[in-house]
Every structure is written in C-alpha cells, then in structure tokens.
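Per-chain numbering from 1; labels A, B, C and D assigned in written order.
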Amino acid sequence: MQVKEYKPLIVAFCCNWCSYAGADLAGNNRLNYPADVKIIRVPCSCRVNPMFVLRAFQRGADGVILCGCHPGDCHYTSGNYYTRRRMALLFSMLDYLCIERERTRVEWVSAAEGAKFAATMNDFAEKVAALGENKRLEDLRCKK
Amino acid sequence: MQRIGVFVCWCGSNIAGTVDVVAVAEALKKEPGVVFSANYQYMCSQAGQDLIKNAIKEHNLTGIVVCSCSPRMHEATFRKTAAAAGLNPYMVEIANIREQCSWVHKEMPIGTEKAIILGKAAVAKVNLNTPLVPGESPVTKRALVIGGGIAGIQTALDIADAGFEVDIVEKKPTIGGKMAQLDKTFPTLDCAACILTPKMVDVAQNEKIRIFSYSEVTDVKGFVGNFDVTIKKKARYVKEELCTGCGACTEKCPMKKVPNDFNLNMDTKRAIYIPFAQAVPKVATIDPDYCNMLKNGKCGVCSKVCAAGAIDYTQKDEFIEEKYGAIVVATGFNPISMDKFDEFAYNQSKDVITSLEFERLTNAAGPTAGKLLRPSDHKHPEKIVFVQCVGSRCDACNEKGKEYCSKICCMYTAKHAMLTRDKYPDTEVYVFYIDVRTPGKNFDEFYRRAVEEYGVHYIKGMVGKVVPEGDKLIVQASDLLDNKQLKIEADLVVLAAAIEPDKSARPLATLLTASMDTNDFFTEAHPKLRPVESPTAGVFLSGACQGPKDIPETVAQAGAAASKVIGLLAKDKLTGNPCVAHSNEMMCNGCSSCERVCPYGAITYEDKEFRMPDRTTLMRRIAVVNPAVCQGCGCCTVACPSGAMDLKGFASEQIIAEVDAICK
Amino acid sequence: MSNSKKYLQEEIIRTSGVNPKKCMRCGKCSATCPAYDEMEYHPHQFVYMVESGNIEPLLESDSLYRCLTCFACVDRCPRSVEPAKLVEAVRLAAIRKQGNNRMTANDVPELIDDETPQQLIVSAFRKYTK
Amino acid sequence: MKFSYFPGCTLKNKAKSLDIYARRSAEKLGVTLEEIENWQCCGGVFTTAKDEVATKLSSVRILKDAQKKQQALVTVCSACHNVVKQTNYAMQNDKEFAGKVNRYMSEDEYNGETQIYHYLELLRDVIGYDKIKESVVNPIGKKVAAYYGCLLLRPNAVMRMDDPENPTIIEDLIKALGGEAVIYGYRNECCGGYVRMESPELAGKKSQTVIESAKKAGAEVIVTACPLCKYNLEKSGCDIPVVYLTELLAEALGVKEDTNE
C-alpha cells in the first residue's frame, strides 16, 4: 500500500501592494516554492483579523503566514505597524495554547523581492512540514 | 443565490503547460453557485472577452471568476468586460493561476490541484460579492514636480503646454540639475548648456509654471486628485522678488573660501553666490554656514552693495501649503562616494577624479575655464586612464558597491576619451572596461569612432590599484586579452563612479507612500506596461529616480509622465475605489477605536436617532466613513471591537469564505 | 566533463567555499595580484578554470606556490568571488596527495639564516606541506 | 586594565624586542598584559579551506583561555593577529566548522565570544592616542613610513581595523609620538611573506617595491608590526632602518632603556 506523503496546508495572506506583487515577481522569475502555499490577497496586512488566522487553523491549516510591506514602506503609511503589534499579541496567545511558534510568521516582502518571497515560502513550508499536522486547533467537526 | 460563470484561461502554454485547464473548468463547475464554466486559449483577447460577455448575457450570470494571470495584470480588463455586458464590474474575481501557480510549480497534477483550490476560493468569494459603485472626487488641476533637473523641467514644460499649472520644487538654488554641470552630451556631442539653458528660460517665462527653488517638500497628505502638500522655502537671505541677479554682491563678498559644490568643490565661491551664469531663477543665495554676518553679525557688505535692497539677513524658512492633483517625482541621481574604493586612491591624490568632476574640468564654465588641467599642479595631463564600472555590478554581499549596471558610464567615458583625443591629440587615453555596453541609437557607432578614429586605447580588464608616486599615478591593471599585468604611469585617473538615487528620495517616498526597491529607486506600477507611474495613484516618475538613465531616455520618460499627468488633470472628476470601509450603524457603539487607527482621518462620528422596538427613540453616537477619503486599507475593521466596521470588496465574510475554501 | 574531473571540481568548490560562477570576468584580481608576474596561471584564470573543470593544469603548476595569500584579490573583487581561497583549495588538493609535499624538513637548513623568524618557517610549512 | 596577551612564537625568539617593548609601553600607559599560559604557535598563516580544522585548534585554545579569564585578547604580531582573528570569525560565522572544533575540545563550547585587539587597536581604542601624546617624553622627530603589509588589514570583512585601502591607524600613532607620517602607495601591499622560502626573488621584488615607494616619499625609517615583514624588507637591501612599532613607541615614551627585564 502506498502511504500518502504528508503535505502541509499553508495559508499566506499577502498585501496587495508589496507582498502580492512580490509573489507575482517570484512567478515572473519562475522561482519555485511548494504548492502547499495558497495565497489570499488583502489590501493591506492590517486587514488580516487575528480571527482569520484562527479560522484557518480551525479549518485544518498547518501554518499561516502574513506578508506585508517593509516597515516604513506601507502603502497606507502605517498598516504594517498595526499588523506587527496585533500578530505579536496573537502569536503569544498561540504560544500559550502550545501552538508551535513556527506555524505562524509575519514577514516583510517588497514588490521587488520575488526571490525573498520564494525563499521565505520554501523555508516556512519546510519548517511547518517538519512540525507535522496541526491537530491542536483543528476543529474536527469542520471535517466532512 | 448567485449565478456564477467560471472562465479558465490557458494563457497559451503559460498556464496550460502545467495546469490541466479542462480539469480545472470541470472541477469548478461543481462548486455551489456555478452555472457555467469554460476554458479558452487567451481569455484577455477580444475573442476571449466576447466569450465572457456572451456567457454573461446568455446565462444571466450575476458573478464571474476568471482563472488567469495576476489580478494586478488583467483585473481591470475583465472588470471592463463585465461592465460592457451589463454586469457590475465588482462582481468579477480573479484566481491567480499563472504567477502564483503554473509559473512556480512544475508538475501538472500539483499545478492542477492548486489551481482548482484557488478557483474554489475565488468562487467562494464571488458568492458573497455585492455590486459596488465607486464614489467620485474632484480633481485639483495643478501638478507638482519634485526636482528641477532635465526630467523635472521637461515634465513641467509638457504639462504647462497642455494648459495646466505646474509648480517645480527644487532643493538647490537653481533648476538645471546634473545636466547643467555637463559639458557635452553623447552621442551627438551637443553642448549641454546650449540645449538645456533655453529650456530653463522657457520654464522661467512660462506663465503656467512656478519655481520654488531652494525648497523642499516636507509633507504630503491626501490622495490622487487632491494632494495637500507643504513646501519649505529655505531662507536664502535674499528677497527673490527684488534681486536682479546683477552679481555685484557675489563679487564683493569678502568670504572667498567657500567650497563650490557646483564645481564639485574643485574651486571656491563666495558666501553669497549664484551657482552659475545661466541660473534660473537668477537670484543670489547666502550660505549661512560661511556668511560672517549670519554667523557673528560682522560684515554686511552684500547688503551695502545691493542696489535693489534685496538682502535680508532676518529671512526665515517659509512654509507654503498648496493643493495638487498629481505629483511627479524627478529627484534624479548622484555619483556614489568613492570612499570605499580607495584602491583607486581617490582620497590620496587630487589627480584621481570622478567622471562628473572630469565634466567640470572640461566645461568652459568650469574651474579651469575648459582647459583640461590636473587638479594638483594645473599641468596638462599627457596620459589619462579611465576606469569603468567603479562601484557598479557588484555582488549583493559586497558592502562597497551597487548590484546594478549604472548604464550611462560606457557612453560618457567614450565621450570623455574621444573629446580628450580631439582637443589634445598628444594625450594618450586608456579605457579599462569589463564590457562596453552601448545599446542605444548611434551609441555603438559612437564608441567605435572613439576607438577607430580617435585612437583611444580600450583595454579589456580592470584596474586593481592606483599608486600615487611623485607627480605620477602608477596604474596597475590587467589586460585580459593579452594575459598581462600592466603598469601605466598616468597623469590623471578618471573613475566612472556608479550612480545612485538622490538621498532625498527615501524620505520623499515615505511621504508619498510610494514604494522603492532595495537600491532606493522608485518602483513603477508595472515594469513593462506602466513604467512612468508609481503604484501609488497620482504619483508619477520621471528620470533617474526610477533607474539609471541617459538624457534622451530621461526626456522621453519625462514626456510620458507629463502625458499621464495631463490625462489625469483633464478629468473633472475621478472615480474612486469603491472598496472602502463602511460601518454597520446598528452594531456600532461609537467607541472611536476605528478612528484612532485610520491613517487618513476618514472616519468621523455623528449622533443619530434610532427608533427602538418600543417606539421610543434613542440618540447614539456612530462612526461614519467618508468614502472619498478612505483608501480601503481595512485597518479599522480589525480594530472594531463590535464587528461593525467592514471593508467592501474584502469583507470579513468573504475572506473567511476564501480561508474555508482553501482549507477544505 | 568526466566524473573524476567533476569530483575534483566539487571538492575544490566545497573546501574553498567559493562560488566561481559569481565571477563576471573583470580581471580585477589579476590586476591587483602582487605575484602576477611569477605566475603561469593568474588569479582570474584560476577562477575560470575551476569553473570550467579544467583543474589538472593548475595542480601541476608552480603558480600554486607563488600566491602570497595577501587577500588583495579577496578584498578588491567586486563580485565577492575570493580567488585566493580557490588557489588555497587547489594547492591543498595538490599537496595532500601522497609524496607531493612542496617542501621537506631537509630543505629548510639551506633556506634559512640567523635572522630568519620562526614565523617564516612555520608559515611555509603550513602552505607547502601536509 | 588587564588583558590576556598572546605574543606568539617569533616574539619569544627572533623578535624579542617587539614583545618586550610592547609590554613595557603598555605598563607605562596603565595596561597590564597577562600572557596566556602554555600557549602554542598559531600556525603562522590562516588556512582558508573549510575542511582544515586541526591547524586552527591552537588559535581556538588561545581564545578560550582569554574567555575563561573574561578578558579581551591582545596580539601584537600581524600574522598572529590575522590567524587568531580569522579563526575567531570562522567560529562565529561557520557553524559547521565551529561544531567540528568544539567536538575536538574537551571543555565548554566556544563560539567566538572573545574580543580581540591588535596592539594598535588597544592603543587607539582603549588607551587613546590623546593619552599617548601626553605621555611622550622623546618625540620621534623623524619621517616615519608606516608599513601595514597585508595581514593587518585584510580581509577587511574580518579584520575591521581601518580603511584597508587608505588606513590611518599607524600614521595617527606616529603623529601622536611626535613623528612625521609619510604616506606612500605600497604601504598596504604584501612584502612577499612566506614565499621567501619558495621564491626569494619574488619576495625580494615585492619588498623592494615597498622600500622604494617609502623612500621616494621621503621616509627615514619604516615601522612594522610583523617580524616577517621586517625580515623580508631587511633581506631585500633596505638601507633605511626597519623597526617594530613597539620599539618606536617605547622610545617615545622613554621606556626603551629600562633594563629590569
């Protein structure tokens, strides 16, 4: 019998102006990263409600990463600063719940950093894969 | 329930090469709400768009999902298509299965699986989309150009030519920029001043153009069509409106030892100065770091000799607030510092100079009145070595230089070498190059002329060390084609220093919320299709602030930026972005959390009367979003504790639906 | 490229930590090299020949023992290629072979005099013998 | 102020004056140099190959000894300084290498924590040239050419002593000691180093270039911190004196003739 290879499920929230464009650039330059990463476009990283992250974990995501513009470069001036603070709080709470720190990340990727985007995703996916399935927060009732 | 149509694009083989488009279309057909699905070779083509339009009409579609390239590429295209078929354009969602799927994954099953999931997420989102109508805002019919070099000058002239008002803000006392410092221009060898100064005069005489020289932009608020800009006019201690530019003060000022930055500090000027004869505006400026009157109240000579009574030692910095509809960045470039490249002995010998300094040495208005003389002993150099690529094309982890090619050095070095040989046939000229890059009209011909007609020695190799010894410079270099190490006793060494964006660009980008790359060049909205627009609406790019450029390219880009500005200013009203925040007044409790995080001040509060179920009325404070000011970042939606604030187009419900679809 | 050549190339790249592909062929290493005139293969050739896998001629060449390890090429290379480290790796590949020591203890007496600092003998042994 | 001190093999033998004057001058300036116990030779040159581990162990031992005493380490010989500093850099930045080294060592793990000063850096950054200037009793009054050679300055990413192409650390010291610093082009080029053993002609040529360059610039004396540089220059027919910079310092501070040793 063939054992199905474990593939992590990763949700990436990317801000429209920097990171989503950085992801596009990674595509333009044909820089590979795992298909496990699925990107959701948001106008700004600060649009990401901590609830969305929890929702993803609840529904079975193994890792969630937020990408925004570099500090000081936010298209909306200050959005990424809010992201940084909000996620610091959320992550410390997840820490308290024994959710491994490597399952979440905030990363700054500019529109010019296609290579960084791909490298970040490769690294993140590898770390998440090493942790294995996220079972602590997954709500089995959501599984069909 | 929505009636959704799914359109899967092959993008030739770009998508179809790694994604089974038919399987994607089939899989998505089974999603809730989907009533139609199709695939086509090029969905963005006329035929592809017709396919979408017909399907909308035929199947009464209320929403569509296009699985194609990045929404940054063609979202606007497909929205227009939808609108043409009578569908609200905001009922369109794009699943990015090219840049974020087929181009980054190599295997067909993996790519197909991911494309289906991305499609499902888009379908889930469209199911919750609602038609949106953008608001409108007026356009201030005036443009601001930041930087008064050839890029800024050309942009301003072109905008003014179309009948719009333009202000130029220039941080130096005169416009003209780097081009004013040049001697001749390649490949035609026109005299730079002869083609630039008439343009500067045109600017000065144009009724539509105002020049704020010796000024800086200190604050920018607002958005496309409605920028509020604060300009600091630095105190020049001379009343601009009275000064006639006669220059009497600049001859009588006793403070003679002021480094002359216009000549790159190769000679001196007075503490009150006019940078050069053709300066615009031709107004004197006092350098407060050197003026004795300003420093210790002793002197006042300029005031005594000024017949116009223009000197004002009490002048203060002045702040001007002005409204603009569009902003053009034209902040230009500078050669990098040579401090980290002292193997070339720039800091050890006066006779090692940069190419820009060489321009001043050969310029008739320069420190040597155009005679090519060595800075150290004012002797005529008999052997000159030019070194190319100093600080350009360096490795990313090299802490000294820049990664990019500075683009203009090959040509100006050929020009310098050729002009030297032309004027001084007895002078031997060597150029050390790694590659000679001349992809421009008549550029390679120009370089070949330098070699073939003017006998410039081009040597493939790099200089490794320059040793000042006596009055000579020992240039140790490699000749790669001859496999030799050379030692040339030169009299003058000219370094083609890499160019970098002006230092003022970074803080300006922050003010404008315009993005920059890692080298501090402004990024364009699209590298190919929108090369003169910044991703920030209403901010345009002109000249070397966007990347290294020569004069013809700069002028071309300046004109292109101007035409974009004209296109914007010609509109009376701008349709805004309908994806703005809005507050559900039934849920809002007026706590002010959203107002505090809004970077635009778009949220205000009002007291509203509510009718209660028991027919009493209640006055409640609720948040109101001004849709013309809101830029749609969504920060407030997360801050809102009661869940009243949401973002149209990116509603919490929609994003959660996407999350669910991906995690299914 | 034959397997043995490839193996040698990989070994040189691994022990040196140098990526010769970064080289843009500007020749600044050779321009700055103080031992250039005494070398049969010059620093830029070391980089190019390692990149193309043509390493045997380097192993046989006296150029290996002329490099002063003065790091001028390392510091001045605009592409951070670090040619001196490549030369060192090739030299080690040569002298690590049995019986390939460049210098033996027997050679030393006639090479030194009363003033010779110990440092010189130690350094030379480090560079020329294994 | 106390520092760990690593003199190195040559300073115990052919270059005794470099060592003695370094200690005397330091004492005079209020700094005690405590010699590391049972040290071994650093190896003379740093082998850049990543798979060379054993040849670098003696340097790591020196660094660990200083760490145990919680002192910064002072070196004076250019070659020792280069080897010890490059080894420390590798311990900080090359995890694989540091891992191998630590497996050799019996005691606690070491990851490059020790701070290293070259004697010149000690003078400039810890004591300060202003203080030295005040302590000068016999101003030099000569035209002195500083000879850096290669090892003090390069590779700059590791050594970080000064601008590797236009250094001033020795020149500033010469000025503080009342001498006139002569600037010449080849002050940071190699003297020929260990290649003296392989090709005396090459070493001779390189040294002569340096000597000629210094003399043309008007030098009356050349100072160096490296016994091998001194040897190479002297062997190559240098007709002006080549002295260790510690000797120059001791002379200016008036401690050269101290015979307590």
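We take it that contacts are C-beta pairs under 8 Å (C-beta built on N, C-alpha and C of every residue); 3 or more make two chains touch, one makes a residue touch a chain.
As the structure is a prediction and not an experimental result, all values here were calculated from the model.
**Student:** Between B-C and B-D, flag the pair that has more C-beta pairs in contact.
**Tutor:** B-C
**Student:** Could you put a whole-Å number on the gap between the CA centroids of chain A and chain C?
**Tutor:** Averaging C-alpha atoms per chain gives centres 46 Å apart.
**Student:** For chain C and chain D, let me know how many angstrom lie between their CA-based centres, rounded off.
**Tutor:** About 25 Å separates the centre of chain C from that of chain D.
**Student:** Touching at least two other chains at once: which residues of chain C meet that condition?
**Tutor:** 72
**Student:** Could you list the positions in chain D whose residues touch two or more of the other chains?
**Tutor:** Residues 189.
**Student:** Output every touching chain pair, sorted by label.
**Tutor:** Chain-chain contacts present: A-B, B-C, B-D, C-D.
**Student:** Once bound in the complex, which stretches of chain D touch chain C?
**Tutor:** Interface residues on the chain D side: 8-10, 13-15, 41, 43-45, 47-52, 55, 77, 79, 149-151, 154-156, 164, 189-190, 192-199, 201-202, 206, 227-228, 230-231, 234-235.
**Student:** Report the residues of chain C in contact with chain D in the complex, numbered from low to high.
**Tutor:** 14-17, 34-35, 38, 65-66, 68-72, 74-75, 84-85, 88-89, 92, 102-103, 111, 115-128
**Student:** Give the list of chain D residues in touch with chain B in this complex.
**Tutor:** By the definition above, chain D touches chain B via 157, 163, 165-166, 183-186, 189, 213, 216-217.
**Student:** Which of the residues in chain B end up touching chain A in this complex?
**Tutor:** Spelled out, the residues of chain B in touch with chain A are 70-73, 96, 98-101, 103-106, 110-111, 113-114, 117-118, 121, 509-510, 513, 515-518, 523, 535-536, 579, 597, 599, 631-635, 637-639, 647, 650, 652, 655-656, 658-660, 662-664.
**Student:** Quick check on the complex: what are the chain B residues that touch chain C?
**Tutor:** Residue positions touching the partner: 343, 389, 393-395, 397-398, 400-401, 434, 460-465, 476-478, 480, 483, 485.
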